[in-house]
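What follows is chain A paired twice: with chain B in the first complex and chain C in the second.
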Partner chain A sequence: MVGVSDFPFLSILTGAPLVGALVVAFLPRAKPELAKRVALIWSIAVAVLAAVMWVAYDAGGERFQFRESYTWIPAWDARFTFAVDGIALVMLLLIAVLVPLVILASWHDADSSKRSVPVYFALLLALESTMIGVFAAADVFLFYVFFEVMLVPMYFLIGSYGGQRRQYAAVKFFLYSLVGGLFMLAAVIGLWALGGKTFSWQELLSADFSTNTERWLFLGFFVAFAIKAPFFPFHTWLPDAGGAAPAGSAALLVGVLDKVGTFGILRYCLPLFPEASRWFAPYALAIALIGIIYAALLAVGQNDLKRLVSYTSIAHFGFIGIGIFAFTTQAGTGAVLYMVNHGLATGLLFLVVGMFVARRGSALVSDFGGAGKLVPLLAGVLFFAGLASLALPGTAPFVSEFLVLIGTFTVNKTVAVIATAGIILAAAYVLWMVQRTTQGTLNPALSTVDGMRRDMTIREKVVVAPLILLLLLLGFYPKPVTDVINPAVQATMQDVGKTDPAPAVQEASR
Partner chain B sequence: MQDLQLPPIDYGAIAPMLILFGVACLGVFFEAVLPRAARRSTQLVVALLGLVAAFVVVVIQSDTRILTAGGAVAIDGPTLFLQGAIILLGLMALLLVGDRSLEQGGAFVAQAAITVGSDADRRQATRSQGATEIYPLAVFAIAGMMLFVAANDLLTMFVALEVFSLPLYLLCALARRRRLLSQEAALKYFLLGAYASAFFLFGVALVYGFAGGVQFGTIHDAVRESTQSTILLYGGIALIAIGLLFKAAAAPFHVWTPDVYQGAPTPITGLMAACTKVAAFGALLRVLYVAFDGAAWDYTPVLGAIAVLTMLVGAVLAVTQTDIKRLLAYSSIANAGYLLVGVLALSKEGLASTMFYLVAYGFTVIAAFAVVTLVRDADGEATHLSRWAGLGRRSPLFAGLFTFILLAFAGIPLTSGFIAKFAVFGAALDSGEAWLVIFGVITSMLLAFPYLRVVVMMWLSEPGESTPTVSIPGGLTAAALMIGVVATLVLGVAPAPLLDLTTNAAEFVR
Partner chain C sequence: MHANLSNAAAVPALAVDYVPAEGFLSSFWLLIAIPLASAAILLLLGKRADKWGHVLGVGSIAVSFVLALTYFFQLRGLDNKSVELKLFDFISVGSFHVDFGLLFDPLSAVFVLLITGVGSLIHLYAVGYMEHDPGRRKFFGYFNLFAAAMLLLVLGNNFVMLYFGWEGVGLASYLLIAFWSDRPSAATAGKKAFLMNRVGDAGFAIAIFLMFQQLGTVNYADVFNGVGSLSSGVVLMMGLLLLLGATGKSGQFPLQAWLPDAMEGPTPVSALIHAATMVTAGVYLIARSNPIFSANLTLQTVVVSVGALTLLIGCIIGCAKDDIKRVLAWSTVSQIGYMFLGVGLGGGAYALAIIHLLAHGFFKAGLFLGAGSVMHGMHEQTDIRRFGGLWRYMKITWATFGLAWLAIIGLPPLSGYFTKEPIIVAAFERDDWTAWLFGTAALLGAALTAFYMTRLFVLTFHGPKRWTEEIDHPHESPPVMTVPLVLLAVGSVGAGALMASSVPDWLTPVLGGRGEHEAVLSHNVITILSIAVTVLGVGLAYALFRNGTALQEQPAGPVVMAARRNLYADAFNEAVFEKPGIFLTRALVFLDNRGIDGLVNGLAAAVGGGSSRLRRLQTGFVRSYAMSMLTGALLVVAAFLALQLGWLA
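So, the complex of A and B:
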């Protein structure tokens, strides 16, 4: 019998948005509404398919499910191999949820630009296709292909449809990522040549390298992922890109695209190079810690809302980095959960900021002030998104941050304690930002702006509602997600060769 | 008197070359007897038919592995593969050469000797049909290149070198626009080319002194067994390599490249960038792999240093270019470096990957020059980069195609450029040449910048007053462009058939 798990979910999930992108790109330029609707419906269909896959996934089953494999380049043993573990699955879900919302939120983003509206939505769908591909690939070569190609649609989204300094930001984004990608290319070639001339992840898992080789290969992959994530000190492209990108694209950039970095570390660096991972772990923890504190301090000082949100993300990626390199199941699960929750929370924050910016025509904090009096509902959503972002108990990010911290505390108290300071700084930058934009006396200039007289439209409410709902739901009941993540993280930690410290229980005397 | 024994000749095996030399002679004959009005179409059709016929014979002969003509010519896997490549790429270049829709009379001037700007020159510009001798000249060059990659002794190789070089010197001087620049380029190319030929010939003499013969088999045996002074051998290798590396445009023998690429009529630049590169590297491969393989330990470090220098010079100087043809020239120099990396793998994989790279690069570079012929204003081609600003707005189709071509040059996945780079780097790393791969990756990062700058110019800048229009290509140019772009895409997405073909062909006969 052909079970539901034999259905080629992953190749369809990867291919469908690409087909949609081609369709949308060739829709007549004169009918932008048609292009928007087609793109929205298409992305919702993809989301439905992803939901079906979620249901069909067996959380307690094999590590990799929905495996598909097709011949591609036999000479190099590179194949179209797709398979997901729990970590990849939740990321696919996150993409599938975010993209329709982003499309809806970006409804009028491209109208004001002189460029083609259908192309904007086609680029969003093309980006979705490559993002799904990068998480679904189980072949190192295929992963690399998606990893690099992903840059192209994002480059044009920033460069063609972004705000001020978009050219500079787009080029900086592309060059940073490309440099990282080429480091990885060298490592991929090395992995292939020294690991038995295959790209199959499963087979490479058992490849043996000399200590030195393994460290160099690890470094090649890690630099690429650290730039992508981004970790301090490779982060300087993100505030520019996040600040210049249209709000919807920025939500995808920070919410999903950057997760490829942390996902790549979990999927490629740790299992393939376990010895090197353990050797480099203290350094990785150090740059993650610096990232938390440094980016939080910079966020406090930002006057540009989008750049501010970008800096908060860098701080959050520090937490994810700590969770990964603590090498405990708890911290690892927390890190993966953090990847999901951060996508939701920061995605929401970016979208809401985008709504403010669209009304005011400026992203500067100093151009707002007392906005809550004009648009109370929108200000309320900003406040909620901010609270979620600073990991208030009851919202989803709290769970993940807490897991990361206690998971780290069991093995490395110092790191956990320093990281906790980041929470305080998070409260500072979020609350201060909310206060300066929406609270206090009304900025007189603000009331003369027409846009600020309209509170949230129905479309905008539809955009934020699912995200708020998910953030609350996962804040109170994260079990469905952690159940899926946990086995995959455990398997990864086994690959690294680390076991959780045994709980310190005293033998009861009889 | 002793009877001269004529060596047996396998006419079937050398038929492709015979056909093309015959067609070229026929072209000269037509030039003498046909009325002016009928010449151009006859010449073009005969030349194209001759190339197609030669290609068919190459395909029929594809299993031949023999030495013929007294061991002067080797028809083996690499020969046939490279001959096929030269014919196909030559065919594309000839399509560009034959196009007259872009400019009245085509890109070539009938009488280059008439003083620029004189009355006679103006009369010529309005009336004359343009040169038709270019077709037999181009066919002579292509046939010479085919003999060059088949030559199995150093004297045949020298004759072939001259046969294909002399027509190219002439063709370079025949540009209709910017004629002085064109003639200067031709003179430069001729003088430096003559020096390079002299070096080559001197090298042949030294090697003859060492080995007592010029056939590659004899040299191979002598390298292993001869008791002659090795100074003769090393001097010979060095001088022969200088002659070949000059044609391949490797640093420090590259200085002619930017000037000649810029000055020559653009279709001829395409012919040189694609076909000359194939021929030069084909000959280099045969000389190093068949004749001097016994001395590999001695020449690898030197050629490795040349490869690194070539990559660096090409990449670094490409960054500063402001003219698209010069930019492509430096890019072609850098690519010569990548090709040398493949050559220096000195293995079957190295041979196969270098041949793949030659074909992949050839298709892409001719397509690139096809686009250059299209971007024009009243003074002919607008090659200054600043003039390309905003081209994406004026004609999205051609800007899109050119962007794809540039991404292929930059080695982004899903283009042939990526697969080709991967192949040569993989082969080199497999042979333990990790340092070459590292330099290759670093220069790829540098080289991405100039390509990206052009993309930014085209898409993200506003069109200015002086942005030229893109001419609608005639059928011939459009065909060449489409063949190049489609080949770049197909070789990037499904490279397996060509990779298999190169692997099967990758064995020299000695």
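So, the complex of A and C:
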């Protein structure tokens, strides 16, 4: 039967932005508007394609759908295999939604740069292509290649178009990722050699390793993913990168690119190395937990808005981390939902911060103060993004955070209780940031800045409206997303060999 | 342990059962949806709605009130006085299932009537009070948002819905306290309220986790029916966590310090949110969870202790304050202490706490709105040392405030008498020596309440004028403000007797009936005592303050000094949490920039081959180095591609 499922969705979804990137890159430098428009329309077309996939996906169907497989390197049994489960699908949707908004939000970001405007937008599209590829890959080697190539466009986005200390931040980002990549490369080679000389994820799933081997292989992957996510103590590159990157790129960096780390753990570490995953779980929980508290405290202490948001992200990744390693359906589904919601919420937060920075010409909190008087609407959106970030009920992140915590509590009360303290700290860093930036007496220096006299433009409203709408929608009715994620998470839990505990009362009466 | 078991056995096994809502009642979700929609319109339309925003704001809550009355009468006609409405699946993952579900039962019905009824009057009053404020439309948007969240809080049919509304009122409360957010003090007060509430919320959240972990459900019906199968340690822990949440929202010890600062918000906010409704959410939580709290004696003793301690804290500080709104705020802390005392005593006292809560909703709203009316006529002055003799100039405010004053101090036949005195009696009915402890505390509180409220009343309306110079002729407020005052005063007078005779029976399906108890003193003796101490407090305050008071703060003994400084609770929080917190944060920022970053950079350098290369990060070599790495990576990719094309294979 030839149906939608035979249509090569994933290779087109991966390839289309790359083609778009090439087209945009070769547009004349003197016509920046044209480049912007083409990039925007191209990314919207990609989003439409992703939406069609969303409709065509059968939530109750097979674990992996839209499978395509083409010969690549027969000698290594590495193939161009694409397929998505529910987890990868929601990430693809997130990318497809965020990229057009980021392009629109970055409309003037490259104007003052000495570098080519079309190239900036081409890089964004190229980044989209590699990000889609990394989530769509179902071949370990293909995944690795995308994992590494993904760095290239981001490196140039930060290094060429970023703010202060961009060179330092870009190289630091690149080195950290590359070091992680080296660990992973070693593990990938090991996996291939000991797992039956294939890179096929499906076949590797049934490979058997000795306990020690499995732990080493796990560690190789885990270190790469922990740096990427990032988890404490590998996090120090993120505030630099997030602080220096243009706001739009930062939104993609933190909103999507970093999720490759947590996605990788779910897709590669857990199913391929179940015994090692269980063995390492307490350590992983520990660093995730430290991250929640530690990064939240650091966020409170930041004086740079973009670095502050970066630190909040590290704290959020801690929640995702405990959600993954608690090994329950609720915590796991919560973790994946968290990845989506965090992309929307922190994406919005970065974009709004970018709007403030573009007006003020500075990201320092102390350069603001009382901004709500001048730009009430923008201040309101910042506050909303902050509320989503602190996981207030009614916004989407509440559901994911609650699921992570309740699911973790059923198996590990201590971890869940300490993590719950993180919700108090989240309120502290958000409200303090909002207060110092938008409330209180108006900073006299602020009213002399021309940009601050203008509240949100129509373009900016169009950027934030879909994100606000999605955050509210998923805050009240998360079911469409959880129903897609849930089967994939349950399959992953099965791979790890874990089942949800029964309620304690039933357990006792047995 | 033994006591717990025997107590658990004494609790009638109240099988909780709700029936689906049918017919007209199945639309009771509108109660929440109408103010929510109004809030959305007011906040989204922005300036375009400035002209008529307040009309929509008042109209939406008034419609909700009318609907609430209609539903209430429908509910009265039903045999099973509890109807449930499942709107949609909210969260459903594995065995964890939460409906977006609502419950309309006797307990939620009385709260809905209070919120929409008193809420309508305060909304109406705010039309006048906020008339000259450029943000009036936004104010009504937030006010409606608050009403919707509060209604969700009391109408949810499971603990997650309750939590949803709970956090929603926290948000609305923040927005309204910090309404004049260009004042640093208002912004700080809002943040303080939100943060202290979040501490309680964290406890509440963990209680919900515990329910799911133990019972596999968060629905009221299933949790309450499952309490019997829980060990007493689990019940105790669950109750203490819920109590932590309740103390946060209700401004009870140890989380009481935010409530007086919340007076930075406009006065109608103080009336609606920080007196009549939101702060009673903690009482609602405990009353709603009565099967949990009744199942453990230790737990009940803790609740009673929190109530008794807080009611005294509130009274003592209330005696030492000179700001009209802060006196009322501490009085709220103290009155909610009485309610906690009531719900902690359990049994029939649950219902007593609820009727005191309802009566308090009327007279405290009346007091706050009266205070707002005074401030309105006195150039926003709030210092009672600067009032005096106002009864001649604002007669309606004086009369209504006076009735509310008599109601709160509990003189018969006003409402406070019918609702507070029974709680004092119930405190004396405890089984052991604690009857004396808590009974005496409640009596002492009554005396102190009489004292500080009389001080407030006399200094404001009577005695010599002590006005600041720019005021020559204070004016009475316009009718849009005085009409709500009159209606609330009617409630302060009549509601007590009315409710004391009908509400406890109405609540029996939810809270259980009132059994027979023996007090350590006879009922009549307690009544006479409580009236006597009240008269004593009034007399003493009148004697001391009928001739006015000093305009400056006078030196005083350690107790008064401590009371003026809120019994050092703020100083304690600052010394124990805030200062160390700031230090920790700064230390970590330093550590993260130097220590962790340096360490990991060093490690990375070692892996990358020699730290000298990494040091070049700060130099001009950076780019070339990065480029060479990048080129390397690209070469690898190119090699793979070449492989695929068969050039190297």
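In the analysis below, the second predicted complex is superposed on the first by the 502 of 510 C-alpha atoms of A that agree within 3 Å, B and C clash if a C-alpha of one lies under 4 Å from a C-alpha of the other, contacts with A are read in each partner's own complex, and residues count from 1 in each chain.
Here is the rule we use: contacts are C-beta pairs under 8 Å (C-beta built on N, C-alpha and C of every residue); 3 or more make two chains touch, one makes a residue touch a chain.
Being a predicted model, the structure only gives us computed values, none of them experimental.
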item: First, second, both or neither for A:A193, with chain B first and chain C second; value: first
item: Chain B versus chain C as contact partner of A:G255, first or second or both or neither; value: neither
item: Partner chain in contact with A:R166 - chain B first, chain C second, else both or neither; value: first
item: Dominant toucher of chain A (residue count), chain B or chain C; value: C
item: Overlap of the chain B and chain C footprints on chain A, listed as residue numbers; value: 72-73, 75, 145, 148-149, 151-152, 159, 167, 170-171, 174-175, 178-179, 182
item: Interface residues, chain C side, partner chain A - complex; value: 46, 88-96, 100, 160, 163-164, 167-168, 171, 174, 178, 181-184, 187-188, 190-191, 194-195, 198-199, 201-202, 205-206, 208-210, 212-217, 226, 229-230, 234, 581, 584-586, 588-589, 592, 596-597, 599-601, 604, 607-608, 614, 617-618, 622-623, 625-626, 629-630, 633-634, 636-637, 640, 643-644, 649
item: Complex interface listing, chain A residues touching chain C; value: 72-73, 75, 145, 148-149, 151-152, 155, 159, 167-168, 170-172, 174-176, 178-179, 182, 233-236, 294, 297-298, 300-302, 328-330, 333-334, 370, 372-373, 377, 387, 392-394, 398-399, 402-403, 405-407, 409-410, 413, 416-417, 420-421, 423-424, 427-428, 431-432, 435, 438-442, 476-479, 482, 486, 490, 500-506, 509
item: Complex interface listing, chain A residues touching chain B; value: 71-76, 144-146, 148-149, 151-152, 156, 159-160, 166-167, 170-171, 174-175, 178-179, 182-183, 185-186, 189-190, 192-193
item: Chain B residues within the chain A interface of the complex; value: 407, 410, 412-414, 418-419, 422, 425-426, 429-430, 434, 437-438, 441-442, 444-445, 448-449, 452-453, 456, 459-461, 494-496, 499-500, 503
